[in-house]
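Encoded as structure tokens, here's the structure I'll be asking about.
Should a chain be cited, it is by its letter among A, B, C and D, assigned in written order, with residues numbered from 1 in that chain.
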Amino acid sequence: MSSKAIAVLTSGGDAPGMNAAVRAVVRTGLSHGVRVMGIQRGFNGLLSGEVVEMNLRSVSDIIHRGGTILYTARSPEFNTPAGVQQAASTCRSLGIDGVVVIGGDGSFRGARDLTESGIRCIGIPGTIDNDIASSEYTIGFDTAMNTAVQMVDRLRDTMESHDRCSVVQVMGRRCGDIALQTGIAVGATSILVPEVPYDFQKDIIERMRFTQKTGKKHFIIIVAEGVGGVEKLAQDIQEATGIESRATILGHVQRGGSPTLRDRVVGSEMGSVAATLLYKGKGNRVIVMQGGKIVDLDISEALNMKRVFDKNLYEIAHRISI
Amino acid sequence: MSSKAIAVLTSGGDAPGMNAAVRAVVRTGLSHGVRVMGIQRGFNGLLSGEVVEMNLRSVSDIIHRGGTILYTARSPEFNTPAGVQQAASTCRSLGIDGVVVIGGDGSFRGARDLTESGIRCIGIPGTIDNDIASSEYTIGFDTAMNTAVQMVDRLRDTMESHDRCSVVQVMGRRCGDIALQTGIAVGATSILVPEVPYDFQKDIIERMRFTQKTGKKHFIIIVAEGVGGVEKLAQDIQEATGIESRATILGHVQRGGSPTLRDRVVGSEMGSVAATLLYKGKGNRVIVMQGGKIVDLDISEALNMKRVFDKNLYEIAHRISI
Amino acid sequence: MSSKAIAVLTSGGDAPGMNAAVRAVVRTGLSHGVRVMGIQRGFNGLLSGEVVEMNLRSVSDIIHRGGTILYTARSPEFNTPAGVQQAASTCRSLGIDGVVVIGGDGSFRGARDLTESGIRCIGIPGTIDNDIASSEYTIGFDTAMNTAVQMVDRLRDTMESHDRCSVVQVMGRRCGDIALQTGIAVGATSILVPEVPYDFQKDIIERMRFTQKTGKKHFIIIVAEGVGGVEKLAQDIQEATGIESRATILGHVQRGGSPTLRDRVVGSEMGSVAATLLYKGKGNRVIVMQGGKIVDLDISEALNMKRVFDKNLYEIAHRISI
Amino acid sequence: MSSKAIAVLTSGGDAPGMNAAVRAVVRTGLSHGVRVMGIQRGFNGLLSGEVVEMNLRSVSDIIHRGGTILYTARSPEFNTPAGVQQAASTCRSLGIDGVVVIGGDGSFRGARDLTESGIRCIGIPGTIDNDIASSEYTIGFDTAMNTAVQMVDRLRDTMESHDRCSVVQVMGRRCGDIALQTGIAVGATSILVPEVPYDFQKDIIERMRFTQKTGKKHFIIIVAEGVGGVEKLAQDIQEATGIESRATILGHVQRGGSPTLRDRVVGSEMGSVAATLLYKGKGNRVIVMQGGKIVDLDISEALNMKRVFDKNLYEIAHRISI
């Protein structure tokens, strides 16, 4: 069974690389001889009718752009049985029998619900936080971290000139992956993540004092959003050590920017695989990275997985950032 | 009268391009056959004796680095008659009869005081804020603004994807130049600077509504640090317009980073001119940009000048960012 | 006398910041209540009829993009009396009585010819080479140089790791400004420009040997396109010094990229001033930077000026890059 | 059996991220209570005696720097039985009983030879080309590709403004991975790699004509160094299509620059694992990425593996870059 028309939407927070995925869905769909529609502003577009026909040129010159050309939004109305029914009905009236949903776990639950209403959906993990248990990698993660690293590299210059300590909050509410990898990449003396409780004296102050004795005079502490409290932490560090300390919240800047190569390539590959699955009549799947490869899983199975924090990498960070 | 030894220090907040100026002072001094000393941590180094001899290679591979290899600090002890006397005495004991002081107005006052104690000083404007009345340009200004622009360009991606308004605080306590030029460069709907009072309805809300009618759905408001209040402003905008609004404080990230070409070139030129002036026996001067050229002025004269805000450019911004 | 409609075109090589100028022309024109047309592919658009009406949103989200949304081209057909007559006739039929021409000297000659045929023109200097005698600054110059600097900073890493010499060709056929300022900014041991003849032994080899004795092991030589011959030069250097030497031609990469703040701001200011001049009934002018300020000159007068190479800055480069 | 002293060297072409690996080796070694030596200029340092003791601060502030602080070189003298004997003898006299060798296949053969002479070696894949059969990833690959992507994104601006075709040569002599992933990331119409023969008409001209019919006017062709011939190719394309075509060789710029997050993190992890293996008395191993994980293999086994080109990704590129 092959598709008459497929569609693609981006949902939840935007992430760099979503455009690469949208482009790959559109062009792969068209290469299979299938019509492709773009749904705007997430699932909302299926309620408001913001759906446009896409052709090869609709996705020209977007692979290098941040954000999403389809826009994105949260969609409380869709998250009701009536909303899902209406969305499915819109799809049927437009001849759409399959939808690629690019977003996070919440979006995948929407994809599952819509599949159950008869419209086959395929999820693609698009979120800068890397907080999807079923996939080793989510689109946007690499760009967000490289942005954070570039910003902290700038902070380092001024911290070093003034012999200061910089306490930097990076994104990641439930997931410390951005903090962990950014922390390693910038040589942070301490990295605080939601997955691992920390002891102020042992994990921060003692490490700073130890490296201070070896001659280091400026310090970077990376804190995940889910740990938070960077203003207070900077004050506490200054009081405990006498080293002038400043807090910085990197904020939404981490969401934007031209995607890195990795987000463009992974986005392209996932988008293409998703469109081909829809074309082949598959549904209720998510595209994920496992063992470094792009594979697909059942959505419900994927949603039930538990994230595993990379303790090994965390210990390496502890060992070398000193 | 020629110098036996000259010295160079960086003072106040660090600024990208200070290293270019330090390098140019050192190498120009050496090219004149003069010894050159590096004073560390601003005027403090003259109190603590943190002074090192510089050679051609001491300043290798630094022109592209942010911050200052001489470190910088505020120096309350120096700002007393006794402090100045001690600093002058240190200079004499080290054979230093001229000092290049890279920093802001406060540092220039120190340079004047030290000159009056018998050590000829030449000031170079090094501060990201462009807040020195006597000079059209201060070292670090271009890098700081380009950093701000790159960060707001990233915010734009995510604001556009979500149809949001972004209220962004950039540096500039007394001086709105960073805000003005950054605002023009990112196409900000409104630019708030300390030099011009603003009317919330007329200067923000009405402009947003006007452009909204022409089809625009995402907005950037740039606010100088000296105006502040971005969190409140974002809330007020959201209430008044219904457009989801987010505040971002760019912070110290603007201070660091590899200097732009302009800061490297202007820093090099100012540093070289300053060292040559010292070599020729001049003192109590500041190097400034006037009419696009590098010239020198009497320090006291320079300190008495009044800054003039570029109203003309401000009006152009108002006209085209709509 | 005020305009019914004005138009804007970009001509010759593209330059980052042209979009800022186009945007400023369009919005300033509209703010004066004048219709504004966009002419595509330079003067060609007036022959082929590629002219589109512009509104406030036609120039949204372009200030940060490289290239030119109006496209550009050389136009041999226009450079004939018949071509100019046809272009003027197209303007009259579309109600266009003034045109802003963004480009280099060749484009300004076209602007003068078109003015003589009754269509008032205003030139804006847009070319990365900074090769327009009448203006201290041309739009695109700052971005091109910062791109070159970033690329040479990358080369520096690998040259340093291998103790090599890198001979790098940057843009600038008749004008050595890109080479001079880029050379200063990257700390080039020698800078070769078309304006100053060089002696291989004295200006390259002796300088390399001198710095080698002070401990330097890697070298950068910057060569303007108008001097050329970098492959041969790299071989000659390697033979003369025994230091492994590599040639790199940076090429068209220097033309593109998101414009720097300076090119966005200068482009905005020049574009706005040009549109206001047209609105006020002026013509046959070019907008230039003189003494750091934006002013306007008679086109023919501007075209007759002679470029002056900054010998002073060249000597500073010689003194400090050692 | 534990080590008395271990050492680290970088060999072959430099790659961004080598410093992260060096830093991780040094600090992990020290954390195990082992002395760590830095060998300069590859295996040469073992012949010339350029070996320095490293401490925690020897590797401060290097994780964000391109190149390698240990310098690198080819070493024909080492590649003889006498050379290997002398190197082993140097190690013994310095108390070094294990060496981490960061480089490519050639360096791994050196590591194997040195192991056979009694000095346990561990290899780490450091080369921008990703041309090591045993590892899915080599340090420097991500940075080199992101640099290439940023440069081609700049070219795109100017190609688009002029309706041109850009033929770009990227690094990769035997391995098309840089070309393949860069080509996907920039939306190249054709990607030429050494692993897949190409047909000029079918793989380039017909694809250009097809997309031209859909409205596309500017084109990017990515060519691996191992395919080469970009000047000729640009001419042929221009003749066949009438579209103005330009060749660009990106060159050594791709080698340098501040490493991306990925190269910093993978470098850190591989370096740390290698030092711990040496500490535990292991030798003759290489650290590789397999299935997305960092594992170790026997060197000889690794050297005998055959590279497999990712045909699947190549076909996706073909499908979506149109």
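The rule is simple: a residue touches a chain if its C-beta (ideal position, glycine included) is under 8 Å from a C-beta of that chain, and two chains touch if they have at least 3 such contacts.
No experiment lies behind these values; they were computed from the predicted model shown.
Least step count on the touch graph, subunit A to subunit C: 2. Two copies of one chain, subunit B and subunit C, touch each other, and the residues they use overlap strongly: the shared fraction of interface numbers exceeds half. For this pair, subunit C with subunit D, the centres built from the Cα atoms lie 36 Å apart. For this pair, subunit B with subunit D, the centres built from the Cα atoms lie 39 Å apart. For the pair subunit A and subunit D, the distance between mean C-alpha positions equals 27 Å.
Counting partners per residue, subunit D has 153, 156, 160 as the residues that reach two or more other chains. Only residues 10, 13-14, 16, 65-68, 71-73, 147, 151, 153-158, 160-163, 166, 246, 248-257 of subunit C touch subunit D when the two sit together in their complex. Residues of subunit C touching subunit B in their complex: 20, 23-24, 27-28, 31, 55-57, 60-61, 63-64, 136, 142, 145-146, 149, 153, 156, 160, 181-182, 184-187, 211, 214-216, 258, 260-262, 264-265, 268-269, 271-273, 289, 291-293, 313, 316-317, 319-320, 322.
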